[in-house]
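Shared between the two complexes below is chain A, which has chain B as its partner in the first and chain C in the second.
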Partner chain A sequence: MSAAHEASLHPDEKYKAGKMGQKVVTGGLVGFVVLTALSWLLSGSAAGHTADGTGHSRFFYGYLIGWTFILSIALGALLYVLIHHLVKAKWSTSTRRVAEILAGTFPIIAIGGLVIIIPLLAGRDDIYWWANKGFDHAEHVSASKHTWLSPAFFAVRYVIYFAAWIGLARYFTVRSRKQDETGDLALSKQMQFFSAPAVIIFALTICYAAFDFLMTLAPQWWSTIYGVNYFGGAMIAGYASIALLSMILQRTGRLQRSITTEHYHDLGKMVFAFTFFWAYTAFSQFMLIWYANVAEETVFYNYRMFGEGWKWVSIVLTFGQWLIPFVLLMSRWSKRILPLFAVFCVWQLCFHWLDLYWNVMPNYHWGAEAHGAAHLVTGPLTGPVGENNVNFSPVDITTWFALIALFIAGIGRGLKGNLIPVKDPNLGASVAHENY
Partner chain B sequence: METNENNDHDEATSAHAGETSPATGSTSGHDGARASSNSDEGELYGVLAEFDSPGALVKAARKVKDAGYGDFDCYSPFPVHGIDEAMGIKRTILPVLVFCGGITGTFLGFLLQWYCNASAWQWNVAGKPVWSIPANVPIGFETTILLSVFTTFFGMWILNKLPQVWHPFFRLDRFTKVTDDGFMLGIEAKDGRFDAVETKKLLESAGAIAVEECYLDASPANTKMPMFIYGVIICTTALALVPFALVYKARASHSKDPHYHIFGDMDFQAKVKSDQYNDLFADGRSNRGEISGTIPRGWLNDDTSYAQGLENGAWITSFPTSVEVSRDLLRRGKQRYEIYCSPCHGVDGRGAGMVAVRSQKIGQGILPRNLVDPGAGVITQPNGQLFNTISNGNNTMMGYGAQIPVADRWAIVAYVRALERSQFAAGTDLTDAERSAAMGATP
Partner chain C sequence: MPKAWFIALGVALVLASIGAYCIYHVVMTGIGAWGNNNSVGWAWDITNFVWWIGIGHAGTLISAILYLMRQQWRTSINRAAEAMTIFAVMCAGIFPIIHTGRPWLAWWMIPHPNDMQMWPQFRSPLMWDVFAISTYATTSILFWYMGLVPDLATFRDRSKTKLKQAIYGVLALGWRGSARQWHRYERAYLILAALSTPLVLSVHSVVSFDFATSLNPGWHTTIFPPYFVAGAIFSGFAMVMTLMIPARYLFGLKHIIKAEHIEAMCKVTLATGMMVGFAYSVEFFIAWYSGSEYEQFTFINRSTGPFWWSWLSMVTCNVIVPQFFWFKKCRTNPWIIIVLCLLINVGMWFERFVIIATSLSRQFLPSSWSYYWPTKYDVGVFIGTMGLFLTLFLLFIRFLPAVAISEVKNTLPEAHAGKDH
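Here is the complex of A and B:
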């Protein structure tokens, strides 16, 4: 039986990773350390927030954006694997190992997240206002939020999320790799069986993680669709990254025949679909808040639509992350002409970062001295809207690159053994897959 | 490849030689499966060939296309991958049509809302603007989907020449297999290359397991559409007009019957409106007002110099730090002054506005203060006090705080200051160039 499946690969096909993984890990880690140190130096010597947008808080804000960025890619890739098994997909078999490699980065992301968690546990309020003393006295925040938002409980949830994600990723990766050797069909059955509860665990954890890591930046504000919107961005990033990593692996001469234009075309359809999904959820969130016009809720958009500079970021985001790729990715050629598709993937990843930037950065100013000590008590999104400038800083970019480097190191850990599930019963169908 | 095809063909022809060999004459092409006699056969419609697998059908289609035929089609129980390419069918233009349909939907959706809400029937709903893009997006989205789907659905029908209730091949019993396990290829006689003998040979050599000729019905009556179909069309059209007739009747006649409430819980919602009576509260009002001791978000005026013109209990003499006195501010102030103040105080501030002139004529009312005369005292008032007069009024003058936003009030203050100054302009206020220009103009 298994011999037949292996035969679905061309005899000349190169699908072994070889030793390239180690180099990638070293390169990624060095890049991470160097860029993180550089960002820390660039963020100036002042602790906390400063008016001109420097200070170590700036470093932490940039770091949070970069970290939630790479986390979203890993989450997107994880769901790719879960959906593959859940619907017994065939076409996505060829690129499934690539997704598994991306989803295998959770442990290293968890370690990277300690940069956020440890200062928090040490009582620092560089990122989250609710870690500030002022929060304890803020009366307009309900009591239950005080319970939920304590550094210790936050850290506990951090552990739960990563236990879930690392556990899910391992469950599927280990079995998938084992099938490479044994060709055992029971492993496929096991994965299919577990994929259904796994998707539920995934949905709950990604929602709550988005609430915790991003939405609590402004703890007075809330939106129930927030997690779904983060999920939409994560799926764009996940599919785009799977396509890019596959292209990179193909450039090394591997997987020449088993990942074809047809697979990129389908990955492109998913990028396209989730581009719209992201916009749909983003608009759903905006629309309800805009229409109800309740000050507690509109404050989020008030800063982003009327803040000097931020309104331009909002417009650029609408066009860049949604309208332009939505119209252009509609054509089958923008998905089938691979250099063009690669450009769209990179484009969407950049705008996904901008989306996170837009979500995170407007909260930054609460501690800035320019707005006086009062804001230490009232928190983010309470100062004059007009004074909430973008204050772009190079640190925002260097921290992003630092975390991409960390992510690359995580990818390197997975670049070993086979780069394709060689004995998966559906591999033949996937390799022969065609779009009509 | 070549050899394979030849093998298939050899097998096919040898296995079914009995069926295909008599097919040489023009009217004797039937293999005997049909019970009908030749007498009711009309013109030759085309030939139909059956193949034993989808793969064979694809190969045959390619061969027929390469032989230069155009008027032929393939029939199979399920979609066969690759058949379009083999038959030489161009990519469908349906996606382009759907795209255009979608864009049209967006446009019409917005147009509809603009016409209904912003043009024909402007209706104030909770103080929302009558025309606002965010509110229109959901409907625009729906109409985009609607017209895309319609274009897809009807476009597919039209491009496929559907509905097609009857086809000449239905006359062959063999053709019923196409809904089960038959893979068929039919070439029409109207094709320029069609030749009763050669075409069949070609199909046989392409691996057909059977080739049959198909004739149209000889009697013209049988080619007509059955009468009952006309009946169905007329009846459904008539039924479709009933709702319109009912709507027309409702609009054109009067009735004492109560309305139909299709969505009762939408028409009678379990909620109170702000001005309704409500016996739940002692004062009988539904509107509970602001809760004492609270301030709505964004209403906190902690900057007293800006919100009240006061600093440490005294009127401010300059402008608050957040107000930047600029040409733009003065221009705004002029405009606002002329709207809100000039009817009484006059455009020049001397108190000869329309209202004042009229009240003097009828001998009633108190004259507005002259804002620019030093004797009237406004010139020496601090800015904060002037701001306060605009906000809260003074003696018999009403306050305008409810109508004029704070920023505009400061603009008016700046403009009144400019008006005052303008009454005492000296030649030295002008630049040299301006002065010489002015002198030149008035010799």
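Here is the complex of A and C:
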């Protein structure tokens, strides 16, 4: 039977990674170290938050954006694998290994995240205001937040999230690679069986991770749809990255015949669908908060709609992440002409980063006020709206690139063995897949 | 024709008549005949409205989204599910129209040039509902009817009496089945499917805005739109199964609506049920996390306050009951499926009741706290809509092609000689 599966691949098809992975890992790690060091130097010598947007906190904020960016790609790719097994999909078989490679980056992302977690545990408040001493005395902060937002408990949740994601990714990748050797159909059954509980674990962890890593930046504020909105962005990033990595691998002469325009077309449909879904969740959050006009909630949009510069970022994001790709990706050709589709994938990834930037960076400016002799930090989204500038810094970009380099190193770890599940029973159907 | 059909129609007509009488009484007396009071100003009526709108969602999901995803198993159930969408929207519309108090003036909600200095309040989410639901009804009817055309032509060609030939002939709009007609039909079908897809999300999202734009704790929360959509699909699939499982036995459709189709629907029900449960948990968590005492009170009051029984029914039916669908035995035994689906429909009704009545009975001002109890006219109108829905469904299944003949033919192996899909 296994011979028949391999026969579904063209005899000239190159599907072995060879030794490319090692070079990618080295390149990625060197890039990460150099760019991180550069970002640290660029962020200046001042510690903590400064009004002009410099200081080490800026480095950490940029780092958090880049880190949640690569995390979202890995999460999107992980769900691709889970859904593939859950719905017993066929078309997505030939790009599934690419998704597994992207989802295999969780260990390296977890290590990268220590740059955020360790300073937090050491008592530093470079990112999260709730780690600041002022938080204990802040008004309008309930007991529940003091419980939920303690560095130790936060770190415990961090471990739980990554244990779940690394565990899920490993479960599916190990079995998928094992099937390459044995062709055992029971492995497909195992993966299908476990995919349903896996999706539940995924849904819970991505939602609460978004609450923890991003929403708690402004601990006064909350929104129940926040996790779903991050999920929408993660799916755009995941599908776009699967398409881009497939294209890159094809440029090395591999997988020429097994990943076809039909697969890119379908990946493009998913990018389109989640572009719409992301906009739907973003609109739901915005419209309901704007309409009800409750001060505790509108504060989030107040700084993003009326802050100097931020209003433009909001407008650019609306057009860039939603309206323009929504209209242009509707066409069949923008998904089937590959150079054009590649542009849209890069475009959506850039705007996904901008979305995270828009979510994170307005929290950078912490207000402060005098309480008697003490000078207390009143946290993000306090103080005059007009003074909350974008204050764009090169560090914002260099940290992003640093994290992308780290992610590339993570991808390199997975570039070994077969780049396609060669003995998957559905591979033949996937290679022959046609949109009609 | 099975005798059971006549018995069912008789029962449905009796229920519909009860509803007609109750509507007559409520319209003539005023909506004071209902149990609504000053605190609980929305009650059974709006609960029923939201519930019925939700029921219709399975049809749109099946006909539009599953079509775009090339899920060919949908062809066995899409026609009946689309019909249910239309009938459910009709039932839903009755409630807010009566609730206006002067249903004969409901047309004032439609923006039109007039000399009364009257114009709808576009800033009200209730007006958005008018547009969302009328768009939904229009698109659903168009989609359904267009899909019917080739099958109506088949009925026309097979009819033996002149009268039937004439009626089906007019309804078939001159369909001859030429290649050109089929080409245009396929294009139009795809476009309508694409247009209907955002409607699956938008209609119940707009319904959720009725609540979520307010300041009411338990109503104002940003996850409402996707949460309502998931709940709508959840209840819609439960209703499709409740009706289609008996129908496939009564009308000998077991070879078309196969056991695996029912099983697939059970899985969709389980998945959407889990999403609903997930949304409940997020709401609870954020109520606690936010530190807002009003939010926290609302959620504690729902589970331990005077309406605890409705909250318990909701959680049991919507969170626990669908878990049985994890087991293949429960997805393949028709009796178990029907019982579970009926419970899910009860649970989804209670979900809306919990959101509406429980929240309104305990608002910010303790002096206006109250309890709500329905009158016989509340119950009667609801039963009436059940009767109307069943009557229309029974007539549909008797006189119109309940299964999309041409689409099913397309998916048969013979239609794809030499191809494996």
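The working rule: the second predicted complex is superposed on the first by the 425 of 436 C-alpha atoms of A that agree within 3 Å, B and C clash if a C-alpha of one lies under 4 Å from a C-alpha of the other, contacts with A are read in each partner's own complex, and residues count from 1 in each chain.
Keep in mind that, in the parts below, a contact is a pair of C-beta atoms (placed from the backbone, for glycine too) under 8 Å apart; a residue touches a chain by one contact, two chains touch by 3 or more.
From a predicted model like this one, the values you see are computed outputs, not experimental measurements.
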Quick check on the superposition: with chain A as the shared anchor, is it clash or fit for chain B versus chain C? clash
Between chain B and chain C, whom does A:291 touch in the aligned arrangement: first, second, both, or neither? both
Considering only the touch criterion stated at the top, classify A:204 as touching first (chain B), second (chain C), both, or neither. second
Figure out whether A:143 sits in contact with chain B (first) or chain C (second), or with both, or with neither. second
Between chain B and chain C, whom does A:299 touch in the aligned arrangement: first, second, both, or neither? first
Does the superposition put A:276 against chain B (first), chain C (second), both, or neither? second
Thinking of the overlay built on chain A, is A:227 touched by chain B (first), by chain C (second), by both, or by neither? second
Who contacts more of chain A, chain B or chain C? C
Between 43-51, 187-195 or 259-267, which chain B stretch has C-alpha clashes with chain C? 259-267
Do chain B and chain C land on any of the same chain A residues, and which? 287, 291, 296, 436
Can you name the residues of chain A that touch chain C in the complex? 140-145, 148, 196, 200, 203-204, 207, 211, 222-228, 276, 280-281, 284-285, 287-289, 291-292, 294, 296, 429, 436
Within the complex, chain A is touched by chain C residues 70, 198, 201, 205, 209, 212-215, 220-226, 274, 278-279, 282-283, 286, 288-292, 326, 420-421
Which part of chain A faces chain B closely enough to touch in the complex? 283, 286-287, 290-291, 295-296, 299, 330, 434, 436
Going by the contact rule at the top, pick out the chain B residues touching chain A in the complex. 81-82, 84, 99, 128, 134-135, 137-138, 296-298
